[in-house]
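Given below, in the form of structure tokens, are the structures.
Next come two complexes, and both contain chain A; in the first it sits with chain B, in the second with chain C.
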Partner chain A sequence: MENLYIPATNETPEINFRFSEHQLHVSGESYPENAMAFYAPIRASLHNYLDRTQAQGAVEAHFSLRYFNSSSTKLIRSLIALMHDSAQAGKRIVTHWYHDPDDDMMSEFGNDLKDEFRMLDIRVVALETA
Partner chain B sequence: MDQHLLATNDEAAPVRIIHHTEGLLLPCDSVTPASPNKDVFAIFEAQPDMIGLPVVENGQPIGLINRNIFMQSMARPFHREVYLNKSCIAFMDKQPLIVDKKTSIQDLSFKVLEGGQKAMNDGFIIADDDRYLGVGTAQDMLRAIANLQADKNRLVMESIDYASVIQQSLSRPSREAMRKTLADHFLIWEPRDIVSGDFYHFQDYEDGFLVVLFDCTGHGVPGAFMTLIMSAFLQSALNTVSHDDPSAIIGAVNRLVKTAMGNIDHQHAGSADEEEGADDGMDAAFCWVDRRNRTLTYAGAHLPLLLLGPDDQEVRIVEGDRQGVGYAATPMDQVWQNHEVALPEGTCVYFFTDGLVDQLGGAKRIAFGKRRTREIILRHRRQTMPEQRAALLAALKEYQGTEPRKDDVSAIAFRL
Partner chain C sequence: MNLSHFADFCEQAVKDGVLFYYKGEFSQNVIGAMTDTLKLRLDAVGVSGPARRKLFSTFVEMSQNIMHYADVAAADGSKTGALAVGKNGDSKYWIVAGNPVRIEHIERIKEKVEPLRSMTIDEIKAAYREQLRNDEHDKDTVSRGAGLGFLTVAREASEPLEYQIVFRSDRMEFAEFYLRASI
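Take a look at the complex of A and B:
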């Protein structure tokens, strides 16, 4: 299936889903007024991919987010939930959650995700902001 | 004509708000295809400001003669002699922009843009059902757009300003009760966009008091709508459950929101292209303080409780439960846990919405964070609550720097 690339804007993150390489990147900031409108097609596309993928190795997801508002929070969580369901069904998925070493909010959020989605391999990675 | 007069904010002179192309109409001489170029020449010479001269046949506009093109052509050797007595259509633009007088200014502006540089320079002909009326200029059109825009902004801002008056009067009883009940306290309520998605409720009872701080999804007008809805549900929940049981109150509000707003779970129905319905709710801290036995009972949705007892070395955080209130994914019978803590004399209690801890800033453009918040509280623990408020806001301002405010920022704190 076709890769999904959406460039970053001031209010929305860059989406770089290279399905052909099984590499999924979400990076930047997320505070659109209507988060559902932004994330619904992304979620549909991810859902579709996870349903069909015949990846030999692991699917790798990378989240490097600096800021997201509360409505984006729910939708980012729902992307993770899709991967969790897929992992539970036997797919190999590794999810990286990057945060600056000094960013206690992002690190806490990553660890909360780990707690909540126990069947998904979530790695919370401290990475100095470039 | 649908024009009316309005005063602008900054000057006394009324500005004419024009909604349709008709309002831009300038009466203008015209010529016919039978008119020779010498007539055109005479008109341009007599009216040095005229940019384009319309050509009208049997009452219908058929073209526009541009002054510069015409004059340049006439200046060429022998052209004057050859063309002066011939029909003016030789130098006429046969496809000028012709706009009906009823066209809205917005539609007109798109047409002018489509027309490119020509319409910007030459202007356009205004017609009434194909009958020639006159001309309009791009400059007048731009002025009309600017005035319309300013007028719309003014209406929107007046409307939001008044919404803010309503929102603030709804919270006045809470502010007054706080002042009466709490000798040393502070309140921060800083909307990002005049009205806020954050709100609070304070009520004093014989045996203690109830403090609620909540952060609805969104900010600005939609966020403020949600705060009014949540306030109403909170009032009605307080009629049915006991005021000293935060867990019961938060559960009752959840049921009321979900029932009233139809926040049923359509996200997990298995379909990826679910309808785009409203799925709104809130983060919240509900807190009951029993004065007689000096205990605090807290139930929270995301929004944590921060405590600093007189003998504590660190600010303690009691995290709320992870479920938000009222969302589609939150079960109807969700239970938020009550946490009970003792309050030795001199204990400071704080509630913050995430607008504070999530604000971006600093050299790395990362979140303000809980750690920093706790450090500031600890550093100023001996100071009065209003002084602590000033210290927190100053630290936030400095950290934020030139970064825009991302969210509403609110806090309630008190020392008992």
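Take a look at the complex of A and C:
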């Protein structure tokens, strides 16, 4: 299936889903006016990929978000939930959740996801960002 | 406004530690321009690390709150409100926001904000987690987001949120809702 690339804007993160390489990247800031409108097609595309993928190795997901607003929160969580369902069904997925070492909120959020979605391999990684 | 009033206005703003003030229409374009300005303003006064993140997060939540909930009938069809950011002498930052709401929505707002005022930070975080995992919220027809807006602001704040409802004498069906967070 076709890769999905959406460049970053001031209010939305860069989406770089290289399905052909089983590499999924979400990076930047997320505070669009209508978070549902932004994330619904991304979620659909991810869902479609996870349903069909025949990846030999692990699917790798990388979330490097510097900031997201409250209405983006549930939608970002729903992307993780999709991966969790897929992992539960036997797919191998490794999800990296990067956060600035100073950003307690972002590391807590990653650890909460880890607590909630136990069947998914989530790695919370402190990383200096430029 | 004549110049002496403007001079007083500026002087008062400095006394109150105002770093940023806006009143008018709220759209995503306006919010985008404001967040850019706020970032530059915070750079200029040297705010970094967690305080900067908290201020920015609170600023976005409050401005999107105005954009989503300010009553349009109260202002000739546009979403209007006011927002200010400043710093106290004691070095704590504050953010205040205000927008018109319909009288019948006041109870709902109170029900959302009032309980947060007496909760500890751990209780606020627990409520945030619970709401994040609550899929029933989608059935709420008034809410425009995830039901996490006030919880997010409460979570960023270092003191209980303050709010005030100011009834209007000119139009009885509206009131002004003001919210203050201390960072």
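We take it that the second predicted complex is superposed on the first by the 130 of 130 C-alpha atoms of A that agree within 3 Å, B and C clash if a C-alpha of one lies under 4 Å from a C-alpha of the other, contacts with A are read in each partner's own complex, and residues count from 1 in each chain.
Keep in mind that, in the parts below, a residue touches a chain if its C-beta (ideal position, glycine included) is under 8 Å from a C-beta of that chain, and two chains touch if they have at least 3 such contacts.
Owing to the predicted nature of the structure, the values given are computational and were not obtained by experimental measurement.
When both complexes are overlaid on chain A, chain B and chain C end up clashing with each other.
Of the two partner chains, neither chain B nor chain C is touched by A:21. Of the two partner chains, chain B is the only one that A:37 touches; chain C does not reach it. Legend: residue contacts after superposition of the two complexes on their common chain; A:48 is shown touching chain B, with no touch to chain C. Touching more residues of chain A than its counterpart among chain B and chain C is B. Shared-chain residue A:102: touches chain B and chain C both.
Contacts of A:11 after superposition: chain C is touched, whereas chain B is not reached. Once the complexes are superposed on chain A, the part of chain B occupying the same space as chain C corresponds, among 25-33, 223-231 or 241-249, to 223-231.
Overlap of the chain B and chain C contact sets on chain A: residues 31, 33, 67, 69-71, 74, 102-105, 108, 112, 116. Across the complex, chain B is touched by residues 29, 31, 33, 36-37, 40, 43-44, 47-48, 66-67, 69-71, 74, 78, 100, 102-106, 108, 112, 116, 129 of chain A. Chain C meets chain A in the complex at residues 28, 31-32, 35-36, 49-50, 53, 56-57, 60-61, 64, 67, 125, 129, 132-133, 144-146, 148-149, 151-152, 155.
Across the interface of their complex, chain C is touched by residues 10-11, 31-33, 35, 67, 69-71, 73-75, 77, 102-105, 108, 112, 116 of chain A.
By the touch rule above, chain B contacts chain A in their complex via residues 215, 217-218, 267, 272-274, 276, 279, 283, 322, 324, 327, 329, 354, 357-358, 360, 364-367, 369-371, 406-407.
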